[in-house]
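Take a look at the following structure, please.
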Amino acid sequence: MRPAELDALLRAVRSGKVAPASAAKAISAEPVERVGAFAALDHHRALRAGFPEVIFGQGKTPAEIVAIAARLFARHGTVLATRVDDAGRAAMAAAFPRAQVHERARCVVLRKRAPRPVGRVLVLCAGTADLPVAEEALVTLQTMGSRAELIADVGVAGIHRVLAHRARLRNARALVVVAGLEGALPSVVGGLTDRPLIAVPTTVGYGAHFHGLAPLLSMLNSCAAGVTVVNIDNGFGAGYAAHLINKGSKGGRA
Amino acid sequence: MRPAELDALLRAVRSGKVAPASAAKAISAEPVERVGAFAALDHHRALRAGFPEVIFGQGKTPAEIVAIAARLFARHGTVLATRVDDAGRAAMAAAFPRAQVHERARCVVLRKRAPRPVGRVLVLCAGTADLPVAEEALVTLQTMGSRAELIADVGVAGIHRVLAHRARLRNARALVVVAGLEGALPSVVGGLTDRPLIAVPTTVGYGAHFHGLAPLLSMLNSCAAGVTVVNIDNGFGAGYAAHLINKGSKGGRA
Amino acid sequence: MRPAELDALLRAVRSGKVAPASAAKAISAEPVERVGAFAALDHHRALRAGFPEVIFGQGKTPAEIVAIAARLFARHGTVLATRVDDAGRAAMAAAFPRAQVHERARCVVLRKRAPRPVGRVLVLCAGTADLPVAEEALVTLQTMGSRAELIADVGVAGIHRVLAHRARLRNARALVVVAGLEGALPSVVGGLTDRPLIAVPTTVGYGAHFHGLAPLLSMLNSCAAGVTVVNIDNGFGAGYAAHLINKGSKGGRA
Amino acid sequence: MRPAELDALLRAVRSGKVAPASAAKAISAEPVERVGAFAALDHHRALRAGFPEVIFGQGKTPAEIVAIAARLFARHGTVLATRVDDAGRAAMAAAFPRAQVHERARCVVLRKRAPRPVGRVLVLCAGTADLPVAEEALVTLQTMGSRAELIADVGVAGIHRVLAHRARLRNARALVVVAGLEGALPSVVGGLTDRPLIAVPTTVGYGAHFHGLAPLLSMLNSCAAGVTVVNIDNGFGAGYAAHLINKGSKGGRA
Amino acid sequence: MRPAELDALLRAVRSGKVAPASAAKAISAEPVERVGAFAALDHHRALRAGFPEVIFGQGKTPAEIVAIAARLFARHGTVLATRVDDAGRAAMAAAFPRAQVHERARCVVLRKRAPRPVGRVLVLCAGTADLPVAEEALVTLQTMGSRAELIADVGVAGIHRVLAHRARLRNARALVVVAGLEGALPSVVGGLTDRPLIAVPTTVGYGAHFHGLAPLLSMLNSCAAGVTVVNIDNGFGAGYAAHLINKGSKGGRA
Amino acid sequence: MRPAELDALLRAVRSGKVAPASAAKAISAEPVERVGAFAALDHHRALRAGFPEVIFGQGKTPAEIVAIAARLFARHGTVLATRVDDAGRAAMAAAFPRAQVHERARCVVLRKRAPRPVGRVLVLCAGTADLPVAEEALVTLQTMGSRAELIADVGVAGIHRVLAHRARLRNARALVVVAGLEGALPSVVGGLTDRPLIAVPTTVGYGAHFHGLAPLLSMLNSCAAGVTVVNIDNGFGAGYAAHLINKGSKGGRA
Amino acid sequence: MRPAELDALLRAVRSGKVAPASAAKAISAEPVERVGAFAALDHHRALRAGFPEVIFGQGKTPAEIVAIAARLFARHGTVLATRVDDAGRAAMAAAFPRAQVHERARCVVLRKRAPRPVGRVLVLCAGTADLPVAEEALVTLQTMGSRAELIADVGVAGIHRVLAHRARLRNARALVVVAGLEGALPSVVGGLTDRPLIAVPTTVGYGAHFHGLAPLLSMLNSCAAGVTVVNIDNGFGAGYAAHLINKGSKGGRA
Amino acid sequence: MRPAELDALLRAVRSGKVAPASAAKAISAEPVERVGAFAALDHHRALRAGFPEVIFGQGKTPAEIVAIAARLFARHGTVLATRVDDAGRAAMAAAFPRAQVHERARCVVLRKRAPRPVGRVLVLCAGTADLPVAEEALVTLQTMGSRAELIADVGVAGIHRVLAHRARLRNARALVVVAGLEGALPSVVGGLTDRPLIAVPTTVGYGAHFHGLAPLLSMLNSCAAGVTVVNIDNGFGAGYAAHLINKGSKGGRA
């Protein structure tokens, strides 16, 4: 409860317009809706964090995903579900005929109306196999309302492929750079731009890659300043953070 | 070289104003100045990335740090040196009487004139022992030109300490959250704001902390969306990235 | 053998009531029953540790589980089997028609009569996907005789969800807090109560989660005093320990 | 604020005894006292968690420790400082002539009057070199008000040393078991008692011990149910948790 | 663009033979061909690195592999695809009837005409189970144009098996030594020859082998000077590097 | 070639009984037989190491295992194959009707005649799920010619189970102790005997067990002197080493 | 208590020669002597495990080491202290003028009379820097009564150095093989002998050696059967185990 | 002994020119010279591996280093000692007035006459702090007889610094690329050349760098084919291998 709201409520108590018991209830009230025994939806998040709760599909049954999506859609008109497996995506498609199902990104989006995209975010990925993660970032950005584009297959061993996009690198408000193997791309890109850059390591690799540890460590140790990092394969998290950066540049809260 | 510059140069060649040999030299020119045998300064970085090269003091002798600082100061009027040990800070103070030496943050700043601070970035740290890292972020932000404030000692085991600052959390353009031990603070703070949040794990802890691994993993796995992470104890990197986010919000490059 | 028993036995030897050979046998006797070639049941555990041996189903065939359960049930009237896979649960259900099969918790309980529950233990879990582990703790607690309740889906990124349960947190004799991802929930909960708190990291997560390592380290480094930790996904162990704490508070052994 | 307090406050608002502004302030009030720029003391913890904030000495200067101790002592009459290095202990002894300084445990205790010890907690340690950690647990227990005893040097390779203490193992309300090397002691002790057992791995060892990792993993995988674990060398945390268990058994909150 | 080319181009601009816009385009031109949305082929690599881009099959669909192979084959007349799974190899065999499919090595080769093999490279492997990796190296070497032979099953526990091949070890221009388990073979072989030796650890082993970590560390710490190492199971990388060494010895670039 | 043999051969050369070429061939001869392209059998091992080469089944096809077994059986009359999967065991049973197939141990034994067992080795295992590894050790011991017995399911949490076997522990020439979970059994057993003890960690466990790392580290750090360790799940290696110890005690080579 | 002793005692109880109380005391008696508050000596170990308790010097003060040594020497006439630092060795030399101080091995030995050495154990080490560990093994062996010799500096990169000692390798009853770097020596030696071989990894190395992890893993994965492993730098443990093997071969307990 | 030598020797035996005993001795002769009790010099290495044994200074006393150097110098006229600490370098300088002491590289070189350098090897390093490792490679190359040059401070975040050296990258017979932090430089350089490239990770970094693990994994996973890797900070190994490659290209052994 914001201070002004609390103050107003307490004045209403004093004036007798609101009973103490009601006020106590309101002060303690929990904007949480339970779905079956398995989930508690946090509807205030839309106010607090600027976007409704996102469904993390991993470890949830198709039925659970559909049930949660239905509640969120009814309340907010927008749903983003990530890491939805094949069965979950099929169940979502069946339950919501207008759902946008992104197969490679394993995402499902429900939306009453599309927002007008703002700003500009560039998503780059180093190899073909990194595309699922890069597209998860892209879908997240676009669903949240950012204008976003993807440049694929620009590895550092062919450095001219990266250099060819130099102008676009500088023209975005934020960058998401996705890479597996040694994860060197964010360092090279970071040296070519002054835009905030979010690096995403992927599990693409084998052996001493240790399922993404190699590029994760690489990115955390990047010699390019301004690089921040999210979890291995976390395209969603990178897209979400990039949207916050991109969106923020409109406001004037200083 | 930006496209427009290249185009202009080539037209000058055609018109005979510039000789082919001069043009070839300009196109290939390397804006790198060598300092002794041990360093190559990248003076174009100020154009390319918005700030002159920063001196990473670790592994450099006091004499090397002073020599590099002198060149950068002469060229750009602003120098930031981080991870400068006791001997290095003393050498800098001796060589540059007007240097600002930040003991706890182990930074040295040289500046012809202070920039007018823009925007607003909030730096939070969980415990007293995290202060050196938090202050490194603060010094970086302020040196680069951001308005920045520090809130210290707000751990999650006393959650009301965090909640007490809720309004300020939402009023910043970017947040830097520094924590050792289990590194839970970014998750709690991230749930209270819609601002981009950069998490910095620290080496504060012992035993199964593994010199910062525990909070690093914690932050990478944060349940709060919008959290990005930098290397353990990397206050500089977090401040640098937060400045890019904060500064970017003024522009209108969409 | 307790000192008093030993003393009585030796007096009986002296008085000739018990032959030396019998006494030697009794002193050396092993209260262990063998089941086939694959198991040795420790029936004294009920005396020694307050509860009959629990069947750890992992790595045992359905037939082995059923055979061990039959022996334990005949002797003690109570059986708890954990980590029983689908085939094992089906075999148990077929062999013991009155068995309580907990599908999500992968547990099977046999019980001649339900104990009257004592005390109060609260089990919290951070996300929907943590429920199997939380329910394993709950089943263990209830089978052993503790009154126990579950609060699900209270993550730290929506801190008000946790705060809403503050009163219940303080009203329990012990708490079991289950969390995957960054495992921050025990730190926040631990700061709100003075009850012993057992933290359970889970494998819910991906990437730099390393199959539960992230929340395990997080919990071991918790800034909240009074937090102790069990193995990843070990709902049983947490429930068992919480029961010992809860039960102990009745006694007066000081 | 407890529900009853809130209700009373709101009734006072209605009746006009308390002004809305005062009530708003009370509801939002933060019981936090700042010490210099480096610490924020949480005085409500004594109410919330049953004991004043404990000073974690690592990473704090002697002057900071003394300053914090003075504030806590003035407010609560009891101070426990752990992980205080040689200089810190000397500073505390100088500042507080009646301070109890525990050299091996690296703790300092200030206390207006000693509490009457309650219950009984047993601290065991496997080897001579584990004593500093075991004594940290002991000091913590005694400072908080538990009756506590220490049994030293009972390693599992001489199993009769452990068995000799069987009766005492069963007579305590909680056990703290400290071990380095392979950390097997908690498993053996846990099989001999039905009391809650908190295991503390130590850094005593070398080579593939990896600074406590070996006994930490060992204890987390203990085959004895009822064992919970704290961080490597965290005698304080084990003592704190054992005190909560021991103290709790007096109450009757069911 | 090589300096001479740039100079010539600029002279052509001056003389009016080439328009500035064309020259700007040429200077910036990107020798990259896009295949669908999923790949960007780097045709300059054949010039730059001496061999066309190699297809890394892992994480690509059979259709993607075939599409990329077709483009590369049309342009360069030679294609090497590695880590192609069963479906991918079947698709390649169907699409290119003259493809050489190496089942054990999981490679596919397309070639207009076979190069005349040069030099001599020896591939050794320690055990039968290491053969897939050793053959990947062999196929890579032969496809790139090196004369190469394989000696299999020469483990260090039967040291005479190694010694028997001493003459051949010294007769090669480069060696590739493949080993799982403890990975000791490169150390023994390295002591018997003065040829450059590339060591390849494999995943052959179990338990504390940690999927190749044991031989990887072993090889990195080899007491034999002159040993360099590639990633676990990376037969391709070892073969590629050995070919560069072998080929280089013809040239006279000093 | 032993010195005496070499000397005799050279004398025969001098006397003209052996031609120089024959002598050169004998000195260099390699007692290695190749099987297809995939294996090189080391028939001298029976002389050198006291037992013919053992077939390590992992990573070999059923056909390869049968082919190697046939050669070894023809030459030595005894074959031991370990880590043979279901298909491999079926193929061996089909190819050699008199083969002894040990299902749980995943071993196959071929033997012209059984050796008379010598000495005595005791194999202990902590839990039912450790049996496959313990039986691999047992089969290895018995196939090589040691008298060996197995005591199963003697965990340290029921220490009397171990103590009950004290006499047998001291009566063996060597002990193999197999344990998963925390791997504490070798420390307890090692304290009760003066026999050489080989500890075998197993993968039995979950979570922070890390596939056997926990008991491996535990055993390497055992407080009981005289404990040596083999790889995780390496029942074969432990049995082999125990046989060498047991067998050796007959000889009188001092 | 051995069965025969127990039987005799009980007969004495029956016949009235021994009072029940005395018998109860004898049965429960603890052969443990306390030294100050810091150690509990296990004098039965000499009977149980064949050698008095060994003093592990690490983490003990010089005074503690001297005190424990005095007690052990008085009772058993033989003392072995390992990992004794400079101060400890000086204190021992001062307290026991006839002490043998082994500087490089960091051991101190006290002995009333030297045992007649039995059997034969060979200690090999790969490099000069491994000597401290090899000598710790040697001192342990000789103190316990084994005839033992050391062969130093036989690395696998000069394989002929190893081969030159082939005869001696086969002539020992047990081998201790000490190696740092990649730890390949035990594999090569193990292939040349049928004697039990105990491998000791050392911390000699740098970088990806990870303080002994590389040779530890290497040795655990040795392709030579019959190799068992002790902790990194644990020369004492290897010597102790080798002595048990060597000594055992005299007995005839089959 | 090469086959031809053996044949000739045996013919000499037959003809009576050589006595059997002499021949036996020659066949078994060991070209190893012992230095004190601590080292065994392998003088045949100069023949076998093309360069005399190199002294690895770490873990050796100054006196040992000088003694070994004296023997090697007497026999071969060339000595290279690496990882020689301050005391060792001083001792070498004192003992051999003409020794070349490389302070930053921590190497000492003794040489009767300088070889005429052959070929060309390029050593690059990413940052100033990587210089000690890069110079160790340079000294090794030059001592062994390669022409070698160093390009320092060319990090990937300023990619034009790398590109500026493109021609030289292609003009060398082998490259050594040294980098700390994220270790991305070998990937970028590897994409610009077709020369064999040896990557050397360094310990330059902090936090999640884990003392060189980050660039080590990065380099092992490089997307540029032809990259091989040596141990962290192993400039010597990289220089040695690069020399073998560089030297080999003169020969014509195909």
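Should a chain be cited, it is by its letter among A, B, C, D, E, F, G and H, assigned in written order, with residues numbered from 1 in that chain.
Note that in this section a residue touches a chain if its C-beta (ideal position, glycine included) is under 8 Å from a C-beta of that chain, and two chains touch if they have at least 3 such contacts.
The structure presented is a predicted model; accordingly, all values stated were derived computationally and were not measured.
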{"item": "Mutual neighbours - chains that touch subunit B and subunit E alike", "value": "A, H"}
{"item": "Any chain that touches subunit D and subunit C", "value": "A, B, F, G"}
{"item": "Contact-graph separation of subunit B and subunit F, given in steps at minimum", "value": "2"}
{"item": "Classification of the subunit A:subunit C interface as same or different, half of numbers criterion", "value": "different"}
{"item": "Relative to subunit E, chain with the most remote C-alpha centre", "value": "D"}
{"item": "Rounded Å distance between subunit B and subunit G, as computed from the means of their C-alpha atoms", "value": "54"}
{"item": "Subunit B and subunit H: spacing of chain centres that average the CA atoms, whole Å", "value": "39"}
{"item": "Subunit A: positions in contact with at least two other chains", "value": "3, 28, 45, 127, 158, 190-192, 207-209, 213, 216, 220-221, 225, 231-232"}
{"item": "Interchain contacts (touch definition) - all pairs", "value": "A-B, A-C, A-D, A-E, A-H, B-C, B-D, B-E, B-H, C-D, C-F, C-G, D-F, D-G, E-F, E-G, E-H, F-G, F-H, G-H"}
{"item": "Subunit B - residues contacting subunit H, complex", "value": "28, 30-32, 37-40, 42, 44-45, 56, 58-60, 64, 83, 201, 203, 211-213, 216, 231-234"}
{"item": "Interface residues, subunit C side, partner subunit A - complex", "value": "127-129, 131, 152-154, 158, 160-161, 164, 204, 206-209"}
{"item": "Sites on subunit A touched by subunit H in the complex", "value": "126-127, 155-159, 163, 181-184, 187-188, 190-192, 205, 207-210, 213-215, 217-225"}
{"item": "Contact footprint of subunit D on subunit C as seen in their complex", "value": "3, 45, 48-51, 54, 118-120, 147, 167, 171, 173-174, 190-198, 216, 220-221, 225-232, 236-238, 240-241, 244-245, 248-251, 253-254"}
{"item": "Touching residues on subunit D, where the partner in the complex is subunit A", "value": "3, 6-7, 10-11, 13-14, 16, 20-21, 23-24, 27-28"}
